[in-house]
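Got a structure for you, written out below as structure tokens; questions coming shortly.
Chain lettering (A, B, C, D, E and F) follows the sequence in which the chains are written, and residue indices restart at 1 in each chain.
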Amino acid sequence: MSDHGLTHLDPLGRARMVDVTPKEPTHRRAIARCRVYMQPETTNKIASNAVLKGDVLAVARVAGIQAAKRTPDLIPLCHQLTIGSVYVNFVIGDADVEVEATVETLDRTGVEMEAMTACAVAALTIYDMVKSTDRSVFVSELALWEKAGGKSGGYRRSDPLEPAEAPAAPVVGIDDTDVDGLWDDSDRAD
Amino acid sequence: MSDHGLTHLDPLGRARMVDVTPKEPTHRRAIARCRVYMQPETTNKIASNAVLKGDVLAVARVAGIQAAKRTPDLIPLCHQLTIGSVYVNFVIGDADVEVEATVETLDRTGVEMEAMTACAVAALTIYDMVKSTDRSVFVSELALWEKAGGKSGGYRRSDPLEPAEAPAAPVVGIDDTDVDGLWDDSDRAD
Amino acid sequence: MSDHGLTHLDPLGRARMVDVTPKEPTHRRAIARCRVYMQPETTNKIASNAVLKGDVLAVARVAGIQAAKRTPDLIPLCHQLTIGSVYVNFVIGDADVEVEATVETLDRTGVEMEAMTACAVAALTIYDMVKSTDRSVFVSELALWEKAGGKSGGYRRSDPLEPAEAPAAPVVGIDDTDVDGLWDDSDRAD
Amino acid sequence: MSDHGLTHLDPLGRARMVDVTPKEPTHRRAIARCRVYMQPETTNKIASNAVLKGDVLAVARVAGIQAAKRTPDLIPLCHQLTIGSVYVNFVIGDADVEVEATVETLDRTGVEMEAMTACAVAALTIYDMVKSTDRSVFVSELALWEKAGGKSGGYRRSDPLEPAEAPAAPVVGIDDTDVDGLWDDSDRAD
Amino acid sequence: MSDHGLTHLDPLGRARMVDVTPKEPTHRRAIARCRVYMQPETTNKIASNAVLKGDVLAVARVAGIQAAKRTPDLIPLCHQLTIGSVYVNFVIGDADVEVEATVETLDRTGVEMEAMTACAVAALTIYDMVKSTDRSVFVSELALWEKAGGKSGGYRRSDPLEPAEAPAAPVVGIDDTDVDGLWDDSDRAD
Amino acid sequence: MSDHGLTHLDPLGRARMVDVTPKEPTHRRAIARCRVYMQPETTNKIASNAVLKGDVLAVARVAGIQAAKRTPDLIPLCHQLTIGSVYVNFVIGDADVEVEATVETLDRTGVEMEAMTACAVAALTIYDMVKSTDRSVFVSELALWEKAGGKSGGYRRSDPLEPAEAPAAPVVGIDDTDVDGLWDDSDRAD
């Protein structure tokens, strides 16, 4: 790895898709989450649509699943892989909808970007459906929450994301208690 | 509009792409922004790559531009349109990279979703390039900041987004001082 | 038009996308329908999922809407256009689900292929969801039922499709009573 | 599997891409067929174009092959896989063109949807090329005819599809005589 | 325009899709050509396949037409537009196949990239079909030959491309005799 | 293989995706190159943009990488595979920019078309960015330069491509000195 520490760039800083062929296929899983903030009356509309058999969450779920499959087409340096499963679910809060995407595969690279992309697109789809009635809507705290598989072992975010107002010193917990390895360079390809 | 107040759903709650053919093509513009939070040493790496002619921001810029063009393929109920221009730019802060996407068109629907999608995908591309060296990275505060054109006039977010820790009462400013119309139903299609 | 009577081929029989630039944009609409035949207990499962707020029909609806937008990417000689609206709906019968897709545009070519493609893909999506529990499932009678706009006036299928067992003499009714023109070559481009 | 019996939905009826990673890759094949009904003079035009080296069937064949590769992009809950081979062929009858698509793979899920989608899109492409000269055209009897590989063994449709006029009691034959297993839940994922 | 003279980059050298909304839609046409060089016995195989109703040229033609429609998805800074017509044809020579793509539109930007992309992808498709029997195959001289429409008037390449062995002083003829304008900055957007 | 010698066509000349499932996955690599010819002052602009941290080469690099991943979507009879790595680089000459794409995989078919497609699209992207300031630009000599892996062993082009002016007798060198096998039919599938 070059000294600039960005694995997707070669030592001269040029973009590349790094070689993953030496890696063995292993079972991998990633969970990402984000929140779509909105007015309480808007979450009420979504909840009430959901209760009344409306399509609002199903549309966002399908959008997220489809986006997971299209990740390497959207994120330029991301490897193609064949996804084993995708689950996209929602928790309707008082003033937000939480989106959670879980992706699994049996492949040479992880599915972190697939889970993040599924989350983002599902959130944007909810945004699209409520934006004309609620100008306050925004998407926030899109982050990886759990990752398993691969040579580097697992990862679990144990602390809440710092408030957006005070990002100067982001604190991120890495819970190593249930993982069997360190995060090392050899898994950094994706 | 049905009583549930979500324009992309019919009165029975079923998803639909609403009819925009009665609308006149007008010049429209939307600006969206988000932040990718990371450790200060990671922003340093990005800045130093940028200084040294590396590709890191260019890759994210291209990803954002391409995503703007693919928005209706990603967001199910979003209309197709032909984009007039896309600009994606970045501001490297102490512990974050701010992404801003500006999209213009001359069409029957707005480009709000195109600006939001460009922003999200550019941010995810930065995330992808730094994730192996900085597990703290996350994307936040993805929001529309300005919108112009269309029957409803313009919109400008004047207040900061509320801290993510306290979303119960999101406050959003609508600055009407330089716009000539109200936000009405007739423009809500997209 | 060449003597072989297939407008998408030149006089030497070579495929082409014919020129539609001389045509004026007009409001156009097309309605297509098909049926997904299955065992009665399978329609019961779909109905019961729908009643219980499940996603089965919403998934198929989204798939149909997305397919309408991708029609020129799937059907090689089909022109691109910007769709004004898409509606995909379902009627659950005793032993079939009827799919209906309505597409509108304001453009130089019709949306017949968009409606047909939306119908087919929505039907295939239902097929995909029931195929493991009902091996009898098949898709049938995919046809255009109504078309309006364009120089040639409208079209409406007034008779039922002939039984598939006796296709030798298909009878198709053209209901001219509410249309103001004949079907002529000039509209055959798409 | 939940009690509603639709494997692509979870027990709460929510759409998901089920996990196929526990399955072993095996050689799998699927054959689907459908018919494009039209006037006899239209089949004559197609036959005569084919005789005269025209492109009509080649265009439909390419469209079908490309659609097979895009199946997971069209059918939301369908898994990605890498197709081993695709064959799309046609039989020109008196008043119809029969389309047959054969797809093979060596993967964890079957290629039934790929064969069905290839068939449907090849048929729609023929429809697109004849629709301006023959308003009677429609697509029908799109069904799986044979399936091999996977834990559940094979499947072969032995009876004709029932006439579309009498769909109330669809009869589908499952010919188990040359297959070595039962159709069981464990293969229902795709 | 900035002083570096590359219109797709802003004065700081950053990529952008320039704004075309101020431009008026006009009828535009572009013709591009290239050659696929190969052994004479390979051109014989292609010619003989063509004579015998084989698909070889039809497959390449469809690939070129589809690629024209996908140009803005492939070329990052290229604008979307709706293509009016595409023709892709071939001339089989002694030791090459010449590919010619003609694209027309009625839009705000030209179709030069669409014609070039159609040509390149049709040529690559021929390459793909002959590569296993002829390792000498290569694609060359991919160039714009004619362009009409837009504020800048037309363009026609009147001289042959210089031999590839002596590219130091490429000579390109611009035949202004049948065009009514100069090539100016205002049309350089696309 | 049929007697016409084109593996992608069956004995009747019909297009097909040949079966690759009997082949074993092996490590494979392909290197393709082409040249974008232009005026010396245009290469100066590109060099100067590159020196000044502009995006011109990064945009082309990303376009090439993305095109490699989309190859089976562009080239109809090309198999899908999962790419292990892609590198796209450039050498700025006096009157041309040389493009080189290297693609690796561990799969059942080679990545020759992926390397060729990456090269072509990266070249077209450069063409797109300079075309408004230099009408002389064209793309030439797109060829495979090296191929390794697969049953047939390797291949390396040892002679320069013949000048385009004298294509009648293309001479292609096959350097067998460092490869351990012959080029045989069994690897011709892709």
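As a working rule, a contact is a pair of C-beta atoms (placed from the backbone, for glycine too) under 8 Å apart; a residue touches a chain by one contact, two chains touch by 3 or more.
Just so it is clear, the structure is predicted and the values come from calculations on it, not from any experiment.
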Between subunit B and subunit D, the fewest steps along chains that touch one another
2
What's the distance between the Cα centroids of subunit A and subunit B, rounded to whole Å?
18
Cα centroid separation between subunit A and subunit C, in whole Å?
36
Suppose each chain is reduced to the average of its Cα coordinates; what separation in Å results between subunit C and subunit E?
34
I need the residues of subunit E touching at least two other chains; which ones are they?
14-15, 53, 55, 58-59, 61-63, 66, 70, 76-77, 82
Pairwise, which chains touch?
A-B, A-C, A-D, A-F, B-C, B-E, B-F, C-D, C-E, D-E, D-F, E-F
Which stretch or stretches of subunit C touch subunit E in the complex?
10, 14-21, 72-73, 76-77, 79-82, 107-108
Going by the contact rule set out above, which residues of subunit F touch subunit E in the complex?
4-9, 12-15, 34-35, 37-39, 45-46, 48-49, 52-56, 58-59, 62-63, 66-67, 70, 74-78, 94-96, 112-113, 116-117, 120-121, 124-125, 127-133, 135-144, 155, 160-172, 174, 183, 185, 187-189
Seen from subunit E, its contact residues with subunit C in the complex are 27, 58, 61-62, 65-66, 69-70, 82-87, 89, 104-106
In their complex, what parts of subunit F are in touch with subunit B?
50-51, 53, 55, 58-59, 61-63, 66
